[in-house]
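Some structures to go through are shown next.
Look for chain A in each of the two complexes below; its partner is chain B in the first and chain C in the second.
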Partner chain A sequence: MADLQDIQVIDPGVDESIKKLTPERIERTINRVLTEESAARLQIYLDTCVHCGLCAEACQSYISRDGDPDYAPVAKVKDTLWEMVKRKGKVDGEFLHNAARIAFIDCGACRRCSAYCPFGIDISYLIMTVRRILNLLGVVPQYLQDTTNSHAVTMNQMWVQQDDWIDTLMWQEEDAQAELAGTRIPLDKEGAEIMYSIIGPEPKILAQLIANMAIIFKVAGADWTMPSTDGWDNSNMAMYSGDFETMGRVERLHWERAMQLKVKRVVMGECGHAYRGAVYDGPRWLGWTKPPIPMVHAVEYYYELLKSGRIKIARKIEEPVTVQDPCNIVRGRGLHHKLRYVINEICEDFHDMEPRYEHNYCCQAGGGLINCGPPWKLSRMKSNRIKADQIRETGAHTVITPCHNCHSGIEDIIGHYKLGCHVSFISELLVKTIEMPNAGEEA
Partner chain B sequence: MARLLQRVGDDEGSDWMVDREEWNWDTGKKLVCDLRALQDRFDEVHEWAVSADGERIAAPVLTAPDVFRVWVNDSLWEGEYEKAWHLVFGPDGRLTALVRVEDEWTVGIDGELWDERWEFAWNPTFNRNGSVIAVQIKDNMEYTVAVNGRPWEQRFHSSRGLVVSDDGSHVAALVQVEPLAEADTVGFMEGTWSVAVDGMPWERKFINVYGPAITADGTHVAAEVRLDICDYTLAEDGVLWDNTFGCVWEPTYRNGRRAIIAPVRTGGSWTIAENGSPIWDSRFMQLWNQRVSADSEHIAAVAAPGFGLWTVVVDDRPWRSSFNDLVLPPVFSADGRRVAAGIRHDGEWGIAVDGETWAESYDMVWDPVFTPSGDRVAAKVERDGRFAIAVDGKVWSPWYEALWEPVFSPDGTRLLIRAVENGTYFRQVVPFDSTFQG
Partner chain C sequence: MYEFVRGPLVWIAFIGFFGGLLYRFITMARLARKDKVVYATFDAKYGLRSLLHWVIPFAGVNMRMRPIYTLLSYAFHICVLVTPLFLMGHAVLWQESWGIRWWSLPEGIADIMTLVVVFACIFFIIRRLVRPEVRNVSYPSDFLLALLVMAPFVTGFVAHQQWLPYKPMIIIHGLSGALWLLLIPWTRLVHMMWFPFTRAYMGSEFGSVRHSKDW
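Let's look at the complex of A and B:
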């Protein structure tokens, strides 16, 4: 059965919200989603699944919890959506409490299980449908909901005020200039080739990453810009909390800002879920089959710069490194070979994880999991012992994580399992290793 | 912000026509500034701003490390600043900049700074003739709005979104009127946001407010409001529409009709509602960026009739053509008879007019500009890193290093070109004939 400690976690976003619900509202909401929002796709998935359980071995939480059947993907669907369908929405608060834990905490919507399903059922979609129902009922873990609220108000993930955003870019430009004279962060440069968009935590807690990228752009001689106002954040936790209206609003603004700036493409920073939101889920909810303007993940952009020689490596990182394959850009986009090209260009001693590429395990932080906050941290750690084992076996001193959720999630795993290594974004390694022009000299 | 830069082609209203009458429309080329020397003269030269009449070009420059000045037509504003950015020529032609002095921000206008300075100031927004400039400000960790240098008395926990009535008599902003503790998701749903008009917030608070709009005379303000998790509607002067919707987008006033229109999602699809009720029969997968003709009689909007298909809908009738990447906000001719929009299809940018797509495609397009009569359409276009003006589907002008959007003379017989070639910025008035004669 499910871990008792997990069941006993108190989260006001779940527990207090459930107390306010009536049976009628629960039933009405579930049936509305099942009949008006999901329809054919959901029915096909439910009808197709033969309950074979092959998805179980694909799930890091199932493996990490010693094969507890409650953590198998098929069980996660059975204990949530199947019951909602079977009971025609007549479920109670206790059921919803359990469903919220399963949908928001035990499943990171990483889609590894779908790769092992003989029918290719998108189990993540089924779990996201549960999240949608829970969102409409107001049953969302408090910290994840707070992040969504931030998106709804500020159009960014971290309650960054408009003035703080501009101010941060200006002082990051100054910091970058201290490293490389003449480096700029051009704001609102209409007609630039590239709009660079990032996720909310960068200006809030990891601002040096912005300076890093400015230096990389400078060395590469790129024609780029950043918006000075809302639309700069490409992340989208509303996608994971099930608030699709807010998700759409955030994505619309991001893409319209790119259109207003007349850029040829958007390069995004090192984040995985933001890629999913900006390239897949967001555009599709809005009516686009693909991003209206091409979007390039940082890994692809670094690959392009290194492969073309626009940036060159002066000295390689010598210590042993490994890499976490972010689900949304590897399983979701197939960037694993480009990722390894970049790492091998930068690092002398690369040790791959096993399994790797699209078979690599999720960090158990994406999918909105880490945004569910401290109450659920221990559960996340228990659900990813396998990741700790993987990292330990590489012998790496540095785990490269080209994704913010992977970065934070693996940092937690390293601490919890006392692995004695650290995490790094690629940009942090690039600024240490690329050839820089002499101070004051144009790139 | 780029979207705030006044683009004279966007609007054929009377104020603009008056302004344009006063411009020099004699045909000929005027070399305004040689820009090449600036790179040697200054440590850094930042992004250019060009006046609507083409007579002036400006940029923030660094005259020494960390010393910003504002350069315009080979002259420098007297002041030296810690920062200077966001240069914009207002509708009346005055050059504005956001500047930081002694760690405080204010607005500079043609070299003169407002007296008051604040912790931060941003988003300068103009009324129609440019006589009123409003900015959002932060002061002592509180947020409000300053209008022509004078802050509202009321302070707020946050502020985003700012509109100024055309006549400049009223200013409205989205404001957070209640404090919100970290992760207070319950307090959030009780509503912490409202709309302040001239500093006074509406009585009612909302979960979210978006997309404020204000009438030309400033007597009414509307905004999108969120009432519950998935319950949206429009509010005007704090009063809600009778109906609520699954989602709405920003409203627009039909000034001539005393009406508000907005895209609303109902039953899973989108349509246009006016004063609370749908007025179009058609339903779309997506619908946004509605525009109203100058006489308020016609509505055009960007729509997705199906998944991955984008077009323009005019008065409930979609164009027959559709595009698979995107359609930019539509532009009306002055008389409201015609509509044009930038489009992207199969990765190529183009212009579509009344549903007909130009044969030529480009690497980028800017908003189309109708002649005053509405008979012809011009647009700035880009190919291989150079810029030209295309007219009625064909490249018409030479290609330039840099180019600003074309402006027609009030009678439509001449076209103003603002461009850079061989490192020199110039303005050139040419006859608007079938072929370029420059």
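Let's look at the complex of A and C:
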């Protein structure tokens, strides 16, 4: 039985929108997505699932809620998509209210269950299909819809205006120069080797991360640039709210900006879903098999710099650390070994979580979950007690989270379960530990 | 009735079975063209890599997490496929009807394999009833499908042991076997055909796009 408190959550984006729907529109929309927008994958997954329940143990929400059957991945599909198919789209408002909770809050689209289903059914794809239907019905949690609206209007996730963007970069350049003289944030440098792209929340609430990266680039002697105008944001919440049209616009602009700058590759900050959007969902929607320019995640880039000796560690972090493997760069890119190389270079005392690598539990924040906002926070916490246990067992003081959603999600878990540790991006540790050239010489 | 079961019904069952699978395969292959990512993503190397890890017992994490289920499931699937093909009684029919001769299972082993299928089906049904996460997603059709798979094995075994009158029993055996074959393409039993494709597709995504493992 799904959690009563969760069922009772009122989210205007969901409940007010449902009130405006007619049964005809619901039916038409569902059937349109099921027959016109979907094809072989949906059909074969519906055909093949034998209702065996072997995916249950894959899901952190099922485990964290003591094996409540309603939180097994297959149950989430049963209570949404199977019913829509069975009833041929004739579902009511109450059904949609529950479907929205299940598709937007209970599943982070982390794709762990695909490695547990014997048939390799892409359960996350099925849940994304439900989100797509709900999006076309306008039934999307209000906070998540707000970020999508921001993408549609400003081409970034956090309503950052053009003057704010430039101002923030200049401010961060000055801050970085206070740490390391001569540090620059080169804007629109055509033909640079690297375009560095980041997600909307960085200029909005975590601006120091931009300065950190500028310092790292400076120490490494990198030839890099950032766009001065729209296209700098590689994040994509529209991908998770089911607004694939907006998702496509965001991704196209990001890649167009990189092409205009004639860079050889795009290095992106420590974010997971942005990686997924840029190399996976975005290109697919746009009809490309892969991005036009190689995309390098920060973890890969740090690995490259450390391995080649372009940056060196002067003094390692001594306190015990652990790491949260972000789904989109581990299950989604296989960066787990490089990630550990980087951490072991920076930190003395690394304790791994168990299970780890591709089998690590989701943070229950990515996949758009944390973007659904405060009404749903308690539900997220209940759905990830197992993560709290995992972190506690490592005895770490710092949880390294090379992904923005993991970062915020783990921070919430640490607070809720009173774990007494804190979270950190790799760049924050790097600027504390790398060998900086003598400031006097540089100036 | 016996003549019908022994003659035309066999033809109906085989034509229905292979024809049904072929039809489903062709329509799915067409549908896959509409799903633009499918063919573009398929990758032989990574598809086979994943498939291999999911046909070798205990090669995947989930299989190691539940050893009894894994053993039973493998035993069931091997027996359910091998027994009908290589049963001595069936081999005789192949030879009588079409002159095809092939190797057949020793009687004792065939009996054991039949019982494995029956007990595995009973286990699956009980598991559906007692495990909350499975009961929650079980429809009446799931139980009927398990009974349908079991039926030809139970009736064949009873007929062979001659616990009940042979002729009526073998007629029921033939009918249930034919029904089973005819329904495979149109029920969830079709997973026998789709398994390699769904697994290989997920393996391709995990391998070539995501550079990681899916087992």
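What to note about this one:
By definition in this document, the second predicted complex is superposed on the first by the 439 of 443 C-alpha atoms of A that agree within 3 Å, B and C clash if a C-alpha of one lies under 4 Å from a C-alpha of the other, contacts with A are read in each partner's own complex, and residues count from 1 in each chain.
FYI, a contact is a pair of C-beta atoms (placed from the backbone, for glycine too) under 8 Å apart; a residue touches a chain by one contact, two chains touch by 3 or more.
Keep in mind it's a predicted model, so treat the numbers as computed, not measured.
Taken together in the superposed arrangement on chain A, chain B and chain C fit without clashing.
Once the two complexes are overlaid on the shared chain, A:124 sits clear of chain B and of chain C alike. Once chain A of one complex is fitted onto chain A of the other, the partner contacts of A:398 are absent, as it touches neither chain B nor chain C.
Using the contact criterion defined above for the overlaid structures, shared-chain residue A:333 touches chain C, although it does not reach chain B. The superposition of the two structures on chain A yields an angle of 120 degrees at the Cα centre of chain A, opening toward chain B and chain C, reported in steps of 10.
Contact with chain B, but none with chain C, is seen for A:260 once the two complexes are overlaid on the shared chain. After overlaying the two complexes on the shared chain, residue contacts for A:143 are found with chain B alone; chain C is out of touch.
In the superposed pair of complexes, A:78 makes contact with chain C only, with no contact to chain B.
Of the two partner chains, neither chain B nor chain C is touched by A:156. Look at A:287: by the touch rule set out above, it reaches both chain B and chain C. Put simply, the nearest alpha carbons of chain B and chain C end up 6 Å apart when the two models share chain A. On chain A, the surface patch touched by chain B in one complex and by chain C in the other comprises residues 284, 287, 289.
By the touch rule above, chain C contacts chain A in their complex via residues 28, 31-32, 34-38, 40, 50, 54, 60-62, 65-66, 69, 131-139, 142, 188, 190-191, 194-195, 197-203, 205-206, 209-215. Within the complex formed with chain C, the chain A residues making contact are 38-45, 47-54, 56-58, 62, 67, 69-70, 72, 74-75, 78, 114-116, 118-122, 279-280, 284, 287, 289, 330-336, 355, 358-359.
Residue ranges of chain B in contact with chain A, taken from their complex: 1-3, 5, 44, 46-47, 83, 85-86, 119-120, 122-123, 136, 138, 143, 158, 160, 176, 182-186, 188-189, 193, 207-208, 210, 226, 229-230, 232, 246-247, 268, 285-286, 288, 304, 307-308, 310, 324-326, 328, 344, 347, 363-364, 366, 382.
Chain A meets chain B in the complex at residues 12-13, 16, 36-37, 135-136, 138, 142-143, 145-146, 149, 152-154, 161-163, 166-167, 170, 182, 184, 186-191, 227-230, 243, 245, 248-249, 252, 255, 259-262, 264, 284, 286-290, 292-294, 373.
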